[in-house]
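In what follows, a single structure is set out as structure tokens and then discussed.
Letters A, B, C and D name the chains as they come in the text, with residue numbers starting at 1 for each one.
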């Protein structure tokens, strides 16, 4: 992906839940580690021993936050966890999840991946009736709705709340004895059910199951609410009328880990097919095909296979990246990119190079990479993108720049080609992208490419002013 | 005070507010530093620049928490601050004050010294109507009541909330342009109004004014609500019917700083008088009068003056105390006390010693100190306490041990004398203690000595179970 | 490489020096970041402004250690830096480099990559004459020898010291106005000279030049001592008689970054050729060739090219690795490996797989990886190693396990094949490995494969007991 | 003491040693805690289990540095410890003690309180012969001298080194089985021998013994070297010719804890006598005598006793002092002092006040305090100092400002009186000060008052340039 940092597109998080396991919080922790790519800003776990609830949230990476000491305090055989990414403005400890509160039926914890499109309206209504908010997270709205639905047990209250909220969500909820997991009717975000021994586990991607050796049971279906008790009983509810499925195609293009299985497909396989489709539709004569590591790897392999042009590694990646990097005052060309990528001259020099990436956001990074490749001696540089031009922001849980920052929203492909100084630039078309899913090709949201938003959203979504800074 | 640590009796906090000052948060920080003795567990400041709100709270001491960096982020000319002490169970970051939330009229911050006696009932009611709670602080109840009072401006809502809560409170509330300060009708906790240039300031004790060179304007009266705007307008309201005044006498006995002026008296002067009264009513022949530093200082001076027995310093205090102290496995006698106090043999040896302290909690510390004094060569050790036996817990904002832990609740003075191994032990009587206030002697709560609680409290006050651990 | 952690073979460090640059310490910091792979245990920089010397060393990664604050204190236009890895026993702050001391001519700083084989003897002699040692680093011996050589200027003293020490070393030395860089006569470790504007820079690998945009001038020759003054004068000395060159072949096999150029070759190109040679000499029928990422990448590409068997990515790597990882009590199979690698089932299932790695140390990791690959559905797993069996420890600056821990030292290839559960295992022969260097093939040390040590070493090298723990 | 901070005069450290105790490092830690007032900049402990040596040093306070974790690593039944204060320039981790090095006979640790007056000359000589220095501490010179004395056992080498160094020193040295403790022939600094069970302990003051319940055996004599083995054998050596005793009188005036016993006297008793002598010789009519807490306490009590003028507490001290304090931009009068001291108006108002302090350094603090006292309503303020004017810097281990910063060095008493705005100011004369020691009055160094330095010092002592910054 073309971006100054490797997280320009930021998913709205990864979630994890587990019930019936003697080391529930440790399993949640390992699952969150496997889901780290879905959010690197903060992480948290809530657990319960059947009576008390324990919570640990902090800014930072999973492996840094959870010390032995902290995990030891997260008692009990039920736990939920969360990794978060968000925009700078609300990058505060108070916006960490899971949320843990006391309400009429006792303590309750919740974690959420996605975005409620009517969050702002609901928040105004709730405040009008006397609710107070501690954060700017839409998840807090869900908690209020559960608490306000003042009859029935937690299951009824969750269903009541779900009938009010709209948008993209894969949510896990727990009290001291029950775990709930739900996907929105359109199935925007992934959520899967697994099993380790007698314990059930839910997670945003199967890579979390692999690490803890859970077996995939099945995907939770769009619009399905699963209720698992501490006795190991599992029940499925479908509280919504059937809706058109709109799973996020960008999970395949960029977000999900290549070794995960989501929405009925292996991510790696889809990326390979996108690369083949790209080769088929955007051919150019060249000597080598190189990926931008690591995001362009599978697509580049597919491109090479289909085109017969040899795959090679022309850029090396430095994985030792710290929190902040201090730049010299004397400018270094392409500084940000150079910290992460360096061309391998012996591979590139004298060659006509096809560079494969998954997407272009602002174009600034692509421009720097292409210049670096030229300085390393490439004769020609052809850029091929394994998705269509990213022209529209996402309102369903992916943290995209605003429309005016997306180069494809304001420039023609010719202009972008010139800006990034490529000899040629081609994207995959929306149609060809969706082709790779075969009979499932109708079941995807590709709003970020097409502007066709499957669910209406409030005009002020994402514009509500952040006024509380901590 | 007789206690293992120097904070066995822990006040329910110190509060501070300031409006109209270009360095509002810095002034709040200095004020909190001066009020540090009222709470050493956590500290926090919220400020506003008229649009946004900034909050910084953390566990620890004021001087450690607020770095230049953090103070620089607390913009604006209005701020409130809070120091807190609390029992171990709820000693969590989530229980730090001031609380900052969003409600129907926008952001709101609040800090509180005291205790609502109907907190538990209100919490149940609020939850029944769908409220969610993030903490176990009664202050959060106040915020809900303000938010739920769904008409009128903030002033009206505060008054509405105050009509519902009962108990001891000195509260400061702010929005982006207004500062409110209120004392409960019985005036349990101190709160004073001061001025620096054109800025108004409120604080729990005048020592906060001294450090920042604010001039004392007057005490806020019991039952008075003061509203100060960012234009410098100040208005006083008395929203309650006149009630019997019950200011906390223990503020004079132990909590307040000796250099403060509260409830119409200089603390140092009252302590001196308590010492004189003690000498007058509990005479014993002896060679020297020594205080337990620092709490018994003024009373010992008064005792010496009245009795003519020379004052001396027989115990030295080590002020370098860290967070936790590692004890050797081989036991050291009186270890905890020794870290803080050491007898000065040249003062004590061969003498008949009167030891003055402000109170005895469990008796364990007194016992250790008396043994230390004997080992330093004292011929006789007579203990004199400048207050009556502490036999009842406080429900109005002071964090006392439960009744069964208070030695005076379960043992006669003879038994305590024997337990602490004193040659004699005498307390001040309630009557003689109150005498020192002259005509004001009726205006005090001495429930911790007498068991006469001026305000009814819910049976489960302080027993509500803490189930959320963070 | 087969190892539980990714640093089982640990280089004896990376060094960096710069003179004549207004942001000398910032350039050293960036260079050290690029050289991070050569040592992740500690890092340090010394700089001088011509009068005073500034030093910052700490345990940890470059990007974590050097904050803006710390870099700002490293004044001056001359600096040297160092990354270190070492065995656990001496992993202490006192063993961090560069060393900075005061001696007869004033302050002096030094950093070293390599190992003195007569360190132990020299240390005993120096102590016998009254020297004291603060660390167990052989670098400290060098400092003593410079200080003891009590006539002449620093240049003479360095030459004097070099005539006494034996072994592998690439050393940088600085005082307030001079930078010295030297390679041992056999040229074991790399060291190169570059230029940015008027400033000279030396570094262990060219990747450090790339990041700071320095141009490669040339390699410093084996046995060459370069002296650069703050006036930009540069002089070359050859204080030793010509010796047989024995550059470390393992730098190409594993240590150096693929984008670096050392010992007259591009690392990436050599690795590619090793892969081709491996394919040529160890053919097996299979469906795909997959690398262990990232160390086997280039060799796998070469193997694929030569064999015609398609290259693929069958293992994904999780780069979010924290300091320590907390393992569940319930054992997870291949836990350590799983944190880092996960097979991509859709690539592997049903295939005959050739797995390429650069080397096998203990065999435990290879065993786990092969099991993981089988569990992901591989029909056959053939392991191919792009170097000969690693059977002998290195005494020239690479931190290898002892001989008995090296599986190839104690087991036949058949036994190893069985242990790691491969269907077949083959290594590259020493002869074929050296072939790839063409006419330079005689100029390499391959002692870790052959046991032919080009320089004698003291019997107790590496056995001197560490008795000081900090 | 009159100073901006409470550590303007800074002792050259506190030392502690223990041998034969199963919890040696814990005892050292507690002893250092009791000696915290002798140095608050850094602290360290070295221990040995008979084979290995363990060291932990850090900047900061004892109670903050030594966690359970760190103490657990300091194995063995022999340990030495050190608290340090020093000037800003050399306030670096590398200057922390104890020093631990390897030399010809193995590891060796050393800690030192005092100052070598020929440090600079010895350092030059040692460097001329090839020694290297890692720090600017004179203690490092001692280590070199021990190592260079290349025959005999450690005892012989220590004696050899002591014959070369000159100045003030109380030193503890340990190897894995022996503890050595030595005082310089003039006995400048205190050092005492104690016993806990079978273990021997040495410390700078008896307050360290009190906390760990060691019994005082005796003072180590001036010029005495004690050698204690791990078998509990103790031997005494007097390697020097008898010299005139010059114990530091300032230990009594200010540094030592009032509950300590040193140089044959109880500190508290001497301070009391200084106060009496002061009253006898500097009478003035007044209503109350108040101390600057805590340094003027005992002298004020003595003054009150002798004069019959009542003792009172007119200033309260805030003990919650953090590392750094952030001052508002709008100046607050007497800010620094106000953070620590606040007048008690009810005590002072309308009174003629005698203020007692132990010394005046720059006069700035006294000036601020007197102004505060006047603002609190005092009618007259008479300052009385329980020592003579401090006019000369100390070269024997106390960290005094340079001569030109000492107000008494450049101003007459009349000028100082005016500067500090006192109604009158009087000091104790040197003769009267020494009178209180009775027959011992000749055995003290009062160079800081008289300028009569009992031992010659190199002209450049304390002027050697610090060039290494870490």
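The rule is simple: a residue touches a chain if its C-beta (ideal position, glycine included) is under 8 Å from a C-beta of that chain, and two chains touch if they have at least 3 such contacts.
Owing to the predicted nature of the structure, the values given are computational and were not obtained by experimental measurement.
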Minimum number of chain-to-chain touching steps separating subunit A from subunit D: 2
Farthest chain (mean CA position) relative to subunit A: D
Inter-chain centre distance, subunit A versus subunit C - centres from mean C-alpha coordinates, in Å: 37
Distance from subunit C to subunit B - Cα centre to Cα centre, in angstrom: 61
Approximate Å spacing (C-alpha centroids) for the pair subunit C, subunit D: 49
Residues of subunit B whose C-beta touches two or more other chains: none
Listing of all chain pairs that touch each other, if any do: A-B, A-C, B-D, C-D
Residue numbers on subunit D that touch subunit C, as the complex places them: 51-57, 73, 100-104, 106-108, 127-134, 143-144, 147-150, 467-470
Residue numbers on subunit C that touch subunit A, as the complex places them: 22-23, 26-27, 29-30, 33-34, 36-37, 40, 61-64, 66-68, 71, 207, 210-213, 257-259, 261, 266, 268-269, 294, 297-298, 301, 305, 310-313, 316-326, 328-330, 332-333, 338-339, 342-347
